[in-house]
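Per-chain numbering from 1; labels A, B, C and D assigned in written order.
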Amino acid sequence: MTNLLILQGLNGLQFGVLLFLVAAGLTLIFGVMDVINLAHGAQYMVGAYLAAAFTGLAGNFLLGLVLAVPVALAFGLVLEWLVIRRLYDRSHLDQVLVTFGLMLMLNEGVRILWGSAPISVDLPEALSGSIPVWGTLRYPVYRLAILGAGLGVALGLWWMIHRTRLGMLLRAGASNRAMVSALGTDINRLFLLVFGAGAMLAGFAGAMMVPVISAEPDMGDTVLILTFVVIVIGGIGSIRGAFVAALLVGLVDTLGRSFGPILLRSLMEPDMASQTGRTLAPMLIYILMAAILAVRPAGLFPVQR
Amino acid sequence: MKRITRISALTAGLVLTALPALAEGVKVGVMMTLSGSAAVLGEQGRDGFLLALEEMGGKLGGLESEVIVVDDELKPDVAVNRARELVESHKVDVVVGAMYSNVQMAITGPLTEAGVFVLSPNPGPSALAGAGCNPNFFAVSYQNDQPDEVVGAYVSGKAARTFLIAPNYQAGKDHLTGFKRTYTGEVADELYVPLDQMDYSAELAQIAAAAPDAVYAFMPGGLGVNFVRQYRQAGLETIPFYSTFTVDEVTLPAQKKDAVGFHSGGDWAPDLDTERNRAFVAAFEAKYDRVPASYAAHAYDAAYLLDSAIRAVGGNLADKDALRAALKAADFDSVRGEFSFGANHFPLQDFYVTRVAERADGKFQTQIVEKVLEKPVDAYAAECPMK
Amino acid sequence: MTPALSVRGLTKSFDALKVSDGISFDVAWGELHAIIGPNGAGKTTLIHQLSGSLAPDAGRILLGGHDITRLSMAARARRGLARSFQITSILAGLTALENVALAVQARSGSSFRFLRQVARESALNDQAAEALAAAGLAGAEDRSAGTLSHGEKRQLEIAIALAMQPKVLLLDEPLAGTGHRESAALLDLIAGLKGRLSIVLIEHDMEAVFALADRISVLVYGRLIATGTPDAIRADAQVRAAYLGDEEGA
Amino acid sequence: MRLSDRAMLVTFAVLLPMPALFSAMGEPFLTVVLTRALIFAIAALSLDLILGFGAMVSFGHAAYLGIGAYAAGILAANGVTGLEVQLPVALAAAGAFALVTGAISLRTRGVHFIMITLAFGQMAYFLMSSLSAYGGDDGMALAGRSTLFGADPFGSSLRFFYVTLALLAGIWALLRAVTRSRFGRVLTGTRENETRMQAIGFSPFGYRLTAYAISGMIASVAGVLLANHAAFVSPSYMGWARSGEMIAMVVLGGMGTLTGPVLGAIAFILSEEALARLTTHWRLPFGAAVVLAVLFTRGGLLGALRGRR
């Protein structure tokens, strides 16, 4: 049981940092630009496809990953320039619709370009296989790598936001938009940058996951919804909130799925328990979100406005 | 004879050979899942059927054919609408479809009530095999549980404790039920995962913790791609992997080496040694540049079955009883060799356990390990009132 | 006789900053009581606490002798506390008449009525039209509120407040942002209300305040340093030092 | 008469002879397609009450469609096909779900409201997906068409069309009355300026919650119709993408009017059907159309109509 708990804890953390990578961009885009971006999940998907495509060309996943990230950034910049900047003075509703339309287009676009079949990528030799972590239990090396990379990015983001001028602008922008302009910053450039960086982070997350879950159309949709849950729980605009909430959602989801039925079995008949567990497990994080919002309507770390 | 080529109204880019709306022709609706990530199966089915039709010069049983390909989007409500449209607008005689059991259950009732014959190239739901069997429905594939029963029987002698995993929907439960029907060992645990889940780290950790002698999975399509790769990455490949619909020619292009050595079960494999099958596989690969899966093989058979039946009734589609009898006779040369229908219009055929292997040309396919069951009657046939 | 409004020891802090520091004052029935103070004195915070959009840390607010400290803004409004907003706050998509009719509706019967057309309720419309006329907006009934001029919007705010038939009216800088002619019209309007209902007026325009008010309270750094008639305030040394002196010196 | 009313009467007048026209064209199936569009028009109308008149952007409205569909489906599976039972059950279930989730959701504002309604929609979706007794993720075929006191209102596609059209007209008239009532004016007021409404003595919460419940209940009527139309009930009716589509219908048609959502839903469903016939990749041009329509038109279809006058 302890062994399983440790493994599932690692799994939950790894899922959590992945969610954080996607959520960080989304929460900044919300917080700083006040734009709801339903196409954010599609950017995760685009990252995955780019990594798969470049790996195919380069013949090496790490090279593919390195190539995919700047292209994901460029893709985000182009998207901002073409569409998103037209949404800044629009209502949330218009933003929801336009990005919903974009999401449909991107999902269908990759299907036209790459077909419906999942595309997978082989792991580099150095990162494949598993290593013992606790007694006889082993853990995949690559998942540890994802965990490490995610934590690294989180650390980098923390440093940037709390130690650099850009970070200061972002924090200011999340709580007071007028102030950023008052500081003499070109707000359009800042927005372009934020959107591009968000797209890049989501793309990076997608690219990293390709060897694990393979690229397929619509893969971003589930992630998008989970990410929404994360940033709403964390408090929209708060990177710290996104980080805490991402780990929370990752752990609750993973541990709930694994231990929920086991716990329920001590309470009721095995058949009943597995049935109830199956019903409750996917709903768990939504229940968590509803419960947190019922108590704290602005999330765990509300940004003062 | 010169033929008018016409693009079906429903599928741009899909060129079919057919004459428009001939009174004496035969109209066939082909309903497959052609959009969304589940489309790979539907594309196989569609291509298998169209390949057969092309070989027959666009004729079925001597009649000019018009084929209307529709996409069910894997949404039963959409499928029902499109099915009604096939009946009411296009006045089809036969529908070949669908690809997924839920769609099959949704369309079979409305179509057969309208007097249309339905030939399934893949799903054989238990509800249509037993008490709910239907005179106008023919499963050209198998009863859904049969591939699992085959694997269950095969694993029984080899593993004392087996861990089961499937997606949390009806077909998932059915398939595991099929496995348990013939498996005599102990079930270590049974996991059901959400259909839209892509990362199985938590489930794999549970499998590792349970340390079973074997794993049995029904993880179709994209689920299987991810599950198999992650299974390998988690270092679980020392635990023998048995499955149905999890490693097949649809998923192998993505799973590649990760699936090699993994087992599956079914009524067909690309290397099935019949002359008819060798010709089919060669023609399919030449035309579409990919290895056919069972979905294509079944749809291909469905076309020839239809051809044989229409020929037997002399092209008189109005005589439904005669046409039904002709279909039931299954007087055609199947890629699967010996093939006939039981009383419930489900096939009597041999079943095999297969294993994934890499071919000399670098492509991957399932290959037959051994024949496990000879012409079994499915578990529900006895409840069917049709004689 | 119980005062129309009485405030006792109202205290509110933001972090370490005390923005309301034990404020106490009374407004008699029919009195126009002005509150003045330099920028940052805490006038806005005070009116937010009076109207109910901000909860005080300590202290009590009594409306006609009833404690309303814990009531929501809407509940206070139903008990007869009306307010105008510093930044114009109207229902821009509705007509002027509809704006005012809603205020009438709020105090006359349930609004959980779903089928009868509200536009045909003459009782609402008549009273609303009356309030509009009283605020100098006769003839503007069917104009969309969003298209009114700035001064007219301020008049509309007062019409809405009047339609509520309040016991106490809070006017939060009613002259802010108005031009000379507009503010003259508004001043006439407020002068006309004087004596008919109790008014708390917060205003920057000193000339107007001293001309209109019955009594004036001076708020500096969250504390009331003086309350009295305009003449008494003018003469108060503390006030001159803390506030008027500054202003005259500036 | 207002433009919106006139446009609606014209729309009804155009819809009325459509089945006969389709028959004459030899395309009777188009009646079935149009019926589906009308069902979504009812759903879009219901959403417009909270979205257009109450400024509550619900991203979980498809849940109510599903609740209605499942009420019909589950009752039919248990042998109860009468609409006289199915409709009250659907209304009660949708109303109860709306009151409970609305009471929590309405504590939040703006983006948070969008997200929490989405979360509740997903919860309903997962709940139905795991109802294995009623088909779980696969859904289930409707055991029998709904009846009304023994009559068969959905017996033929023609009858189905006119029953749906009549219901649409009735619901349109009902909502027209509601939005012009005392209640409707308060709701519109809270959309315009919540603080102002509080300052004149209205607590918006109760009004919002009531509107939210009414909206959900009307959507459940569309759900009952949809179940009969498809002869099938599926959790896919409740997915978040369906909620997004419903928002698109309302906004593209023209929100805050009662004609806009009807036109929007009809245009949406018909163009979806038409594009799906042209290409399996119909989502690409469809998505592009949504993007362009929102970016370059304001006020939706009805707004465009208004602009041309």
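Just so it is clear, a residue touches a chain if its C-beta (ideal position, glycine included) is under 8 Å from a C-beta of that chain, and two chains touch if they have at least 3 such contacts.
Remember, it's a predicted structure, so these values are computed and weren't measured experimentally.
Colleague: Which neighbours does chain A have in common with chain D?
Modeller: Looking at chain D and chain A together, the chains touching each of them are B.
Colleague: Report the chain whose mean Cα position is at the greatest distance from that of chain D.
Modeller: Between chain D and every other chain, the largest centroid distance is to C.
Colleague: Would you mind pulling out the distance in Å between where the CA atoms of chain B average out and where those of chain C do?
Modeller: Once rounded, the distance between the two centres reads 76 Å.
Colleague: Roughly how many whole angstrom separate the Cα centroids of chain B and chain D?
Modeller: Their C-alpha centroids are separated by 37 Å.
Colleague: Report, in whole Å, the distance between the mean C-alpha point of chain A and the mean C-alpha point of chain C.
Modeller: 49
Colleague: Hunt down the residues of chain A that sit against at least two other chains at once, touch-wise.
Modeller: Where chain A meets two or more other chains at a single residue, that happens at 111, 278, 282.
Colleague: Can you pull out the residues of chain B that are in contact with at least two other chains?
Modeller: 35, 39, 168, 194
Colleague: Considering chain C alone, which of its residues make contact with at least two other chains?
Modeller: Within chain C, no residue touches at least two other chains.
Colleague: Pairwise, which chains touch?
Modeller: A-B, A-D, B-D, C-D
Colleague: Considering the complex alone, what residue numbers of chain D touch chain B?
Modeller: Going through chain D, the ones touching chain B are 27-29, 32-33, 36, 126, 129-130, 132, 135-141, 157, 226, 229-232, 234, 236-237, 276-281, 283.
Colleague: Which of the residues in chain D end up touching chain A in this complex?
Modeller: Chain D residues touching chain A: 51, 57, 59, 101, 104, 107-112, 114-116, 118-120, 122-123, 126-127, 129-130, 132, 240-241, 244, 247-248, 251-252, 255, 281, 283-284, 286-291, 294-295.
Colleague: Would you pull the chain D residues touching chain C in the complex into a rising list?
Modeller: Residues of chain D touching chain C: 177-178, 180-186, 188-189, 191-193, 195-203, 206-207, 210.
Colleague: Any idea which chain A residues touch chain B in the complex?
Modeller: The contact residues of chain A facing chain B are 3-4, 7-8, 11-12, 14-15, 111, 115-120, 122-123, 128-130, 137-140, 142-143, 209, 211-214, 216-219, 222, 254, 257-258, 274, 278, 281-282.
Colleague: Which residues, counting only chain A, touch chain D once they are in their complex?
Modeller: 30, 36, 38, 83, 86, 92-94, 96-98, 100-105, 107-109, 111-112, 221, 225, 228-229, 232, 236, 275, 278-279, 282-283, 286-287, 289-290, 293-294, 297-299
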